[in-house]
Amino acid sequence: MKRMMNLLKDRKRLYNIVFEADTPAGKTFDIAVMIAIVLSLVVAFVETKPAVVGRFKDVLTVMEYVLTFFFTIEYILRLYCSPRPKRYALSFFGIIDLLATLPLYLSFIPYLHTTRYFFILRVFRLTRIFRVLKLFSFINEGYLLLQSIKLSIRKILVYFLFVVILVIILGTLMYIVESEQPNSQFADIGTSIYWAIVTLTTVGYGDITPVTVVGRLLSSVVMILGYTIIAIPTGIVSATMIDETRKKGKNGRCPRCGHKTDLHANYCKHCGERL
Amino acid sequence: MKRMMNLLKDRKRLYNIVFEADTPAGKTFDIAVMIAIVLSLVVAFVETKPAVVGRFKDVLTVMEYVLTFFFTIEYILRLYCSPRPKRYALSFFGIIDLLATLPLYLSFIPYLHTTRYFFILRVFRLTRIFRVLKLFSFINEGYLLLQSIKLSIRKILVYFLFVVILVIILGTLMYIVESEQPNSQFADIGTSIYWAIVTLTTVGYGDITPVTVVGRLLSSVVMILGYTIIAIPTGIVSATMIDETRKKGKNGRCPRCGHKTDLHANYCKHCGERL
Amino acid sequence: MKRMMNLLKDRKRLYNIVFEADTPAGKTFDIAVMIAIVLSLVVAFVETKPAVVGRFKDVLTVMEYVLTFFFTIEYILRLYCSPRPKRYALSFFGIIDLLATLPLYLSFIPYLHTTRYFFILRVFRLTRIFRVLKLFSFINEGYLLLQSIKLSIRKILVYFLFVVILVIILGTLMYIVESEQPNSQFADIGTSIYWAIVTLTTVGYGDITPVTVVGRLLSSVVMILGYTIIAIPTGIVSATMIDETRKKGKNGRCPRCGHKTDLHANYCKHCGERL
Amino acid sequence: MKRMMNLLKDRKRLYNIVFEADTPAGKTFDIAVMIAIVLSLVVAFVETKPAVVGRFKDVLTVMEYVLTFFFTIEYILRLYCSPRPKRYALSFFGIIDLLATLPLYLSFIPYLHTTRYFFILRVFRLTRIFRVLKLFSFINEGYLLLQSIKLSIRKILVYFLFVVILVIILGTLMYIVESEQPNSQFADIGTSIYWAIVTLTTVGYGDITPVTVVGRLLSSVVMILGYTIIAIPTGIVSATMIDETRKKGKNGRCPRCGHKTDLHANYCKHCGERL
């Protein structure tokens, strides 16, 4: 108890435990949070199974109370030990941490009680699990991926616009070809565009399929097209990633941590990244 | 009203508004066109839903008249302010702009009235939306993608011919294997080739599936083949994109705008492209 | 008629027409062969549609006779004008050309008459269509693709062995998990392995689907695995293609035709390949 | 018989036959093992087909006895001729070799007799088939692939975590949107997440499909997302493979065997790898 009180006084040490993952205490704290998040998800998912809820209703209710209490304490601790509490509260993770505590409290408000929309709040807790990257020092890999995506995003958006226009045109063509059939599954253009997306992305549910010869010919074109143009985003991301990898050699810096590297080094002496 | 008349006299300024997107007026004009295109599509799509048409028939008719009027004015303006009207009228976008105005006019011609084929004309309006790229200066990304596709197109066509011959051979084999079954879904070779395309492209509707052991073995070969040869177009496009990216460094020019770049520059000083 | 006789005497000129596609006469000959191949396929496919055969039986029979006569003449001409007839007869295309003439002749042999297996012979005619590459001088692109595939084939075979072992293990696991269910679709291990291939390759027919929770968990693993390991053949082919592209610069030779290139040339002066 | 006894005395020669594949005797031994493995799998698979078992029960039983005897002899030989038997017994392949002999022996133990779980033991025999790589000297290709995967694994794990969180969020959203429908297939969140995985990976069984307009819109987003983010692992593996390929040139060593290479060599003089 006294150790607890001492810890609460030493804000900097508390900060290291709550926000960082370098110390054993920090790691333990992060793992506890992860477990709590996964547990809260399991509770949320089980509650949608009527057969299970009947038998374990009390257990589930108690768990939700305990977990909400835990997340509330965690949020207060983070606010308390953060050097700039306001900035934390308004940051992406600050808002997510706050949302994580809300579902139970909101269910006390009359009339809101039964809505299914709280599931989203509970599921948003999951995004907090990205903090686990820090735990296993995977944060650099995450950063590298984000960097590559950021550099490719404009090209991918152009590709995306191209795909959207393509599926609208192909869906409309298919509507014209197939809708005249008796009991056609291509009832309206919206459905036809949905079919075009299902087919072009090679998902192929099979809930809507062409039956006429012309419709099947057109589908074949859509399929082969979808099978081929998937090469475009892949090419974009590959080119960006290779370019990023090549750059590290050029400017003599580690691509991961940015430290200068020795000329013939095979590994960065700072972070151990293979060069 | 007077400003309008002045604008109509100043053809060059009008050209900047109608064809370019550098000025606020030009941007506003482009956005207005985009909204009109999207609205006209929504009208077209809703008209294929019998339940909706009954209630909103008048609204839809009025909107189609207003939009056609807008597109007609736009087309006349483009013709009027273009320095070479004939060349514009015969260009790709010139023809699309003209087609965008037609659906309503064509529906006045007796007997043509009820055909579903006008949907295509309405949907072609959508390709005009590519002008939005200019609006957000994504035109370079679009150009780069087009360039990569153009450089890869011959290799992809050879791959395409290979895929077509493959699906015909595999479809015929499957017909021989499965068509003897009672109530076989592989009724004729055309259907079997359609199945081969659905399977090789990994779409997999499931409307036609093999039931014999030999048929399933053959399908497995088709699936694994399709799963592997998708690597070929991807490899082609990746190699081309990487090659294009590499070239910028070689000849000391920005790959986007073509301007000379300084030796150690990280960004093109002309267009801001990352080098 | 006399010109025909003269042509038959001039074997070298005949060779140019029949085997090459540089002269107008050679191109015309190749196009005629292509049309004959496509026609023979259409005849073969239509014959599997009982409804159509009834009405056009005579037309189809006559066409098959005419086409067989044409392919026979073509084969004799090729044999006659080839400088080394024996070598041609035993080459890949020589055998295919011979097979192209056989289906009708074989149907004269009693008892063989009705078998469906002749379709394969007719469809093999299709591989001759690869000669069209020569027609549009796409032969180099075809060669480049073949080269890349040849250099990657050993790595892809190892990957292939890995996929085969994976689907057998996953299929067996799924059999253990799902086969106990009443009316399970996973009736035996063969079917379960078929399911694993359908799922891993992301084809997903949906004719066999898991219904238990454990089965769905296992399928999820199979799907995400299949979605991820498709990156391996793609990576192999990309790396090979990029390597091939890079090599042209290194040794100062055109990657397409092998001719020496000038130092700063952008195109090979021999074949026009972009360097 | 006497040659057999001599061979048993010459442990080193025996080792070459049993563990290596350089000598004709070694190759023959490896091929015999492969055939035995494939046969044992065929026996195992056929036993799950009730119709077949009835007729061939005796043959299957005899074959299982013979194969188990063969695998036992093989395991004893490996233990006997290995210079470090303990190390072999505890190695990956040592354990697999031992497991390969067990299924029959375990079935003698009462009560264990009828469980289906022995299939897994039998199927694990299959992993021994990777030794075939040694047979065709594909071991280097296997090693190269493994190396590339090892270097990419951290980035792919981050991507994997991202995909898992994505499907949970998308599945929950879909549950909220679709579960209110009468007879909805999205019965609980677990099923909805399963649907999200089936859709995002572009497998698309079609056993669970959206029926509402909002549900179809959301599915479209999931499909296009899945179709696009497949570019990420592909990009990662491509970049790693290209990097590995490039390195061989840099440090003047063969990427396959590690031997020094001559400056202008096109092939490694040690292992024949194309440089």
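When the chains are written out, they are named A, B, C and D in that same order, and each has its own residue count from 1.
By our rule, a contact is a pair of C-beta atoms (placed from the backbone, for glycine too) under 8 Å apart; a residue touches a chain by one contact, two chains touch by 3 or more.
Quick caveat, the model's predicted, so the values are computed rather than measured.
Q: Could you check which of B-D, A-D or A-C has the same interface as C-D, with more than half of the contact pairs identical by residue number?
A: The same interface as C-D is formed by A-D.
Q: What chain is the most remote from subunit B, judged by the mean position of CA atoms in each chain?
A: D
Q: When the C-alpha atoms of subunit B and subunit D are each averaged to a single point, how far apart are the two points in Å?
A: A distance of 41 Å separates the two centres.
Q: Just how far, in Å, is the C-alpha centre of subunit B from the one of subunit A?
A: 29
Q: Name the residues of subunit B that each touch 2 or more other chains.
A: Expected reply: 159, 190, 202-206, 226, 230, 234, 236, 238, 242.
Q: Name the graph shape formed by the protein chains and their touching pairs; answer line, ring, star, complete or other.
A: Complete.
Q: Applying the document's contact rule, which stretches of subunit D touch subunit C when the two form their complex?
A: Spelled out, the residues of subunit D in touch with subunit C are 41, 44-45, 48-49, 116-117, 119-120, 123-124, 126-127, 129-130, 132-133, 138, 141-142, 144-145, 148-149, 156, 159-160, 163, 190-191, 194, 197-198, 200-207, 226, 230, 233-234, 236-238, 240-242, 244-245, 274.
Q: Spell out the residues on subunit A that touch subunit C in their complex, using ranges where they run on.
A: The touching residues are 202-206, 234, 238, 242.
Q: Write out the stretch or stretches of subunit B touching subunit C in their complex.
A: Going through subunit B, the ones touching subunit C are 151, 154-155, 157-159, 161, 165, 168-169, 172-173, 175-176, 179-180, 188-190, 199, 202-206, 209, 213, 216, 219-220, 223-224, 226-228, 230-232, 234-236, 238-239, 242-243.
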